[in-house]
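In what follows, structures are represented as structure tokens.
One chain, subunit A, links the two complexes that follow: it is found with subunit B in the first and with subunit C in the second.
Then we have the complex of A and B:
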């Protein structure tokens, strides 16, 4: 049984997530003039996240400038200004920021420890089978109940796709930890499943985080 | 620009990137390599690092991103770009962009016009027919009319009956499709119309073009190739012989290639094999001259059991199996032919420096594609860590690999699990097969997966198939 109080205390001791913003591809990097450590920056906002996050940098290749936007609200810790105006390679660290965890993120973190995690057997790209994918896209994952041995994933690697069966207790898909066309390493969780006997505990996690977690203004 | 002043960007990965780097080193040319995060442990990265540190190496997000490749080329001050095979090798738009942009680069491959002309299979077929080059019987243009389609199908069934083919088959395929999409075969003219309609609807849905091609489905054939090399301006076109690539996986991917394409000295064919090789070589050269071909290319043929050759397509790039042709070729009597180096040299504007009469052939060559896969399970790729990889060094063996032999290597899941190419030379078919078997049995290839599954490879399959090479 998960000790929710202990986990909450542990998260409260360091309520931050450190986000490293890297160059998504090679190109010449330009930082805005006014961007310094300590500055507060904002991620996308609006009901549908329709408003972009703050501009952190611009990456230019073949005369095409690509804005690099702030992914989440946070505080700038490091700006690698020494790279300004230089050609950087894909994956180069550009900015580091500290993000204060929101209630939803804390719930997600705790549930990752509580739920039954079904993990990737191999490094590959994973997709839900079309019938499950549609349900999740329309109504969210919580409407999909899965059983042991049920084929719910397509594993794609080396240009080949193979079906993958779920193994574990029957339950509702409570969390999805992978995204479209992204590689998932072996052993990393794909989904978190909530069996019926765990529903009460999950509800308690949500309730306690809602009441006990103080959102930073 | 002086040829030696060029800097080549290697826009590819793995074994072909290693070979391009080696060819550049042989020619005294500077180079720059790219790699993605998944390929950090690949041999081509190590080679580039050893040759010149990070200045010769750029990490990119993808090998498919043209903007990124060109930005890297500019930063590295490259003057030419070698696409290898796959990725941008047969993309005429990329070749055109490279040669037309402000910072012009030399595309190491045929000119974009040639790629465009021969990249279109229908166009290639039409061109071939206009030159009297045999192609697979069937339409040489997309068919949009159902009556016309049925008429062609009837004539193809009739043609096959006249040839005493036991089970005539007609292939119906979406003309705009590729890679096996939108293809069905029909064995009965009464079923043709429904298949035709199905493919036409599929073509409209997927390609927004209802054009359909109708061809004879040829079974029981050998897959042959002719290796062509032409200098810029097409002033001098030569060939480096033929290859037989008939041993393939169930997905029709080549696994063993043998040069030359037939061996009439050791095998009795129903037809005059030497004449077939001469014919396909002559036809390939005729087409190359007609389109003013200006770099390396491969003319791909199918030869039926009766000895009828049909042109399938032209691959306007260097191919994986170029090394097996090089193994049996001699230029002015000299061994050590490197077709990739010849490709680079001619692309940079150097004249060939020899004619067809200077090229001779000696012995036979066999190339094995060593792949981590399970031939007993539909050649499913195997993923895991290679713990040991080694082979005996022989003067008749050439190995091309990007897999390090002194450290463990995790096979990236983003690409095909090709590990190495082993090219074996022998003075005749028997010696070649014997040496090939010796090479494969002496090969060390061990590893395991996260699930503790032992490494699976196609080595036993290659060994078994060595006895069958060049047979129908």
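Then we have the complex of A and C:
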């Protein structure tokens, strides 16, 4: 049995995600002059993420300068400045930054560890079967208990609609990770199932995160 | 009680004066404030008589100071007058100038667009004992004394569409249209029908509206004003402004400000002065016909005398327009002269009746006069450096073409066409008859020679072997006649869509050479030089440029602009941003007006407008199709002020004349095309095409967000979105432009095209 409190403590011990920015292809690397460890950098912004993130480095290949932009908001940990002006191979680590987790990200992380995730077998659109769909729409997903081998999804692809059976431990649907008429890639989670005895514990932890987690500005 | 009201009224007058003069310190205003304060302090000790005397003295002082302040008004103060919520608005005019009115399609905020008010109104006049109600269609923007739902008079595209609709209703009913311009500018959204497209449609419609249009301008902000301001007579209120851009916008450009930054008040003040936006300036430049003097510091709803003056002026001008197209010229002239004299002596126009409905011949004369009037505007600011001899020979040639066209297309071709049709009929009959008669003989011959029939070697080769690129075909196998200078650089280029479509880097010599600037993976079109089109779209050596000596100038004498203009001329080797030429595509002659993005961003000023009009007129005279190839345009040239803005109306009218005469007008947008030109002479074409990856719209994303607060999704102005919204009619690949144009010439519009 998973100790959720332990998971939370583990996250609290290192409340960030470390992102390694590496060279997408080979080329000469140039770092901006004013970029040092400890600096705060921002990822794409705007309603449609249409504004680019901060410039982390420029990679020049065949006289074609390519900007390497910050993928997520965070704090610079390491800048491999010794590579400045040198030719690097694809995959070389350039910058390491820490992205401090938000409440939603922590909750998502805990749920992914605590719940049994049922993943999409192939890229398709997924729907709940009508009886389950109605229950979820009326009272939320937490009221639906499912067991191994139960038919709960309709997988819709190329105009074919195939029923899909759930496989895994019995439990209630705690989280739904797909939305209506949206394609889900193979391997992506569709639902998170929680054994009935753990529901209360999960809810408590989620509540604790929502109230106690201090977001680093 | 009465005295208290008067004192309160004086306080309001003082606060109005303070609003008008903004943050500027003025001793006269301080004097008024201290006197009023003094009166307030001593008021309780006064007797009734003393109080009345003190208020009267104060009123006199206010009148005196207001008169003095009137002489100190700067252009920016006038802008503040016009924007003040106490400024008269359209509903005040409807109440006070017209005798009765019915608002059409709106009741306060319940309207398709509350910022556009349309009303059927009448003015009562007397002929002897008879009372006559003369109907008019009143159309105008409504600012509504600061009512929020009026949007400050910033009209949405559907509001302008409604205005056009009711202008057409007025045309059907044969009643004059009175428009009142109270707008800071159009609401710049692209939702169907689209700000630019609708303004273009309005201008195109008004160009030949067969009823008198009288326009009165109070706040004439750029394209929004143009949407209803194209008129036979334009009146301007003395404290109004008429400008291509707001002084703040001009200051932002002048000061090179980033979005969100505010210009310094001094810079705004200077720009307002330089742009020549006031009524007096516009009268001097000839873009308005009359100026109506307002009371000191601008007209407010309680200035009833002003409304009477306005009413008299509106009556006089409407009469004048109707009389100017009526009857024989000598009588018309006498009538007009006599009325002008009598107006100066104080003739009451309500007691003099002139019919406002026009007979068909008068309507034609009216439209012709309107076109002639606009054709003459702004000519004085376009220096034409064509040598005298060349100019004379040009005029002579034009006259010859006119005669030639009249004979060839007007007389000869009409008969020739009839003869050809008749001959076609005869030939069809003959072929049918001949086939019937010879049928037995052919059958016999076929039977005898069946085995002998052989396909020639040439045909067999064509049918069985792979075809090869021919250099004259549409894509020339990548052997383009012109190759960009960028193809000489040894470097790689990344496609902007590489993150989405995974496009690989392209080698510049390939991309700008063989691929004609098109990404081989996603089809993104990188911008190319206009020379690429000149050499690869039209037949080799067929380009003949004319009017090359018409030169862009700096009519407002803007500082630093002179040197920028000279720099652009030197860089491009052209004297203006518009190149007009004759060219051939597969042997078909056409006239092309090209706006070059490299010359001051392709902005359109008086010179560019004049050249475009000359191209349209030449196309009309020679019966050639007209192509507007927009390599890129940033809009109307701000530095030319109203001289540039008026080109919207002038060029649209030239297009209207050309299309009405039976021409085919095609527009092709490349790279980025925005603002005034798209909202007028480009947007009014029934056949508009976009080169892939181009952007077409009214205002850029930054301007939209700043003025409306609406966030604009990426690629909002992309041609595909423009096509989906119905603004353009198709999207062309750059490499197929020659083929598509050639096909368009053969399949689209225009009854007078010579090659039909």
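Note that in this section the second predicted complex is superposed on the first by the 120 of 217 C-alpha atoms of A that agree within 3 Å, B and C clash if a C-alpha of one lies under 4 Å from a C-alpha of the other, contacts with A are read in each partner's own complex, and residues count from 1 in each chain.
Just so it is clear, a contact is a pair of C-beta atoms (placed from the backbone, for glycine too) under 8 Å apart; a residue touches a chain by one contact, two chains touch by 3 or more.
It should be emphasised that the depicted structure is a prediction, and the values quoted were computed from it without experimental measurement.
**Q** Which holds for A:48: it touches subunit B only (first), subunit C only (second), both, or neither?
**A** second
**Q** For A:122 in the superposed arrangement: first (subunit B), second (subunit C), both or neither?
**A** So A:122 only meets subunit B here.
**Q** Per the contact definition in the header, classify A:61: touching subunit B only (first), subunit C only (second), both, or neither.
**A** The answer is both, since A:61 touches subunit B and subunit C.
**Q** In the overlay, answer first, second, both or neither for which of subunit B and subunit C A:26 touches.
**A** first
**Q** Which partner chains sit in contact with A:34 here, subunit B, subunit C, both or neither? Use first/second/both/neither.
**A** So A:34 meets neither subunit B nor subunit C here.
**Q** Once the structures are superposed on A, label A:187 by its partner contacts, choosing first (subunit B), second (subunit C), both or neither.
**A** Only subunit B; A:187 stays clear of subunit C.
**Q** Between subunit B and subunit C, which makes contact with more of the residues in subunit A?
**A** Partner touching more subunit A residues in the overlay: B.
**Q** So subunit A touches subunit B in one structure and subunit C in the other; where do those two contact lists coincide?
**A** Dual-contact residues (subunit A): 61-62, 64.
**Q** If you look only at subunit C, which of its residues touch subunit A in the complex?
**A** So the residues of subunit C touching subunit A come out as 489-494, 505, 507, 711, 713-714.
**Q** Could you please specify the touching residues of subunit A with respect to subunit C in the complex?
**A** Touching subunit C: residues 46-48, 50, 61-64, 66 of subunit A.
**Q** For subunit A, which residues count as touching subunit B in their complex?
**A** 24-28, 61-62, 64, 87, 89-91, 121-124, 157-160, 162, 183, 186-187
**Q** Can you tell me which positions in subunit B touch subunit A when the two form their complex?
**A** Per the stated touch rule, the residues are 36-38, 58-62, 65, 67-68, 70-72, 75, 380-381, 383, 413-417, 449-451.
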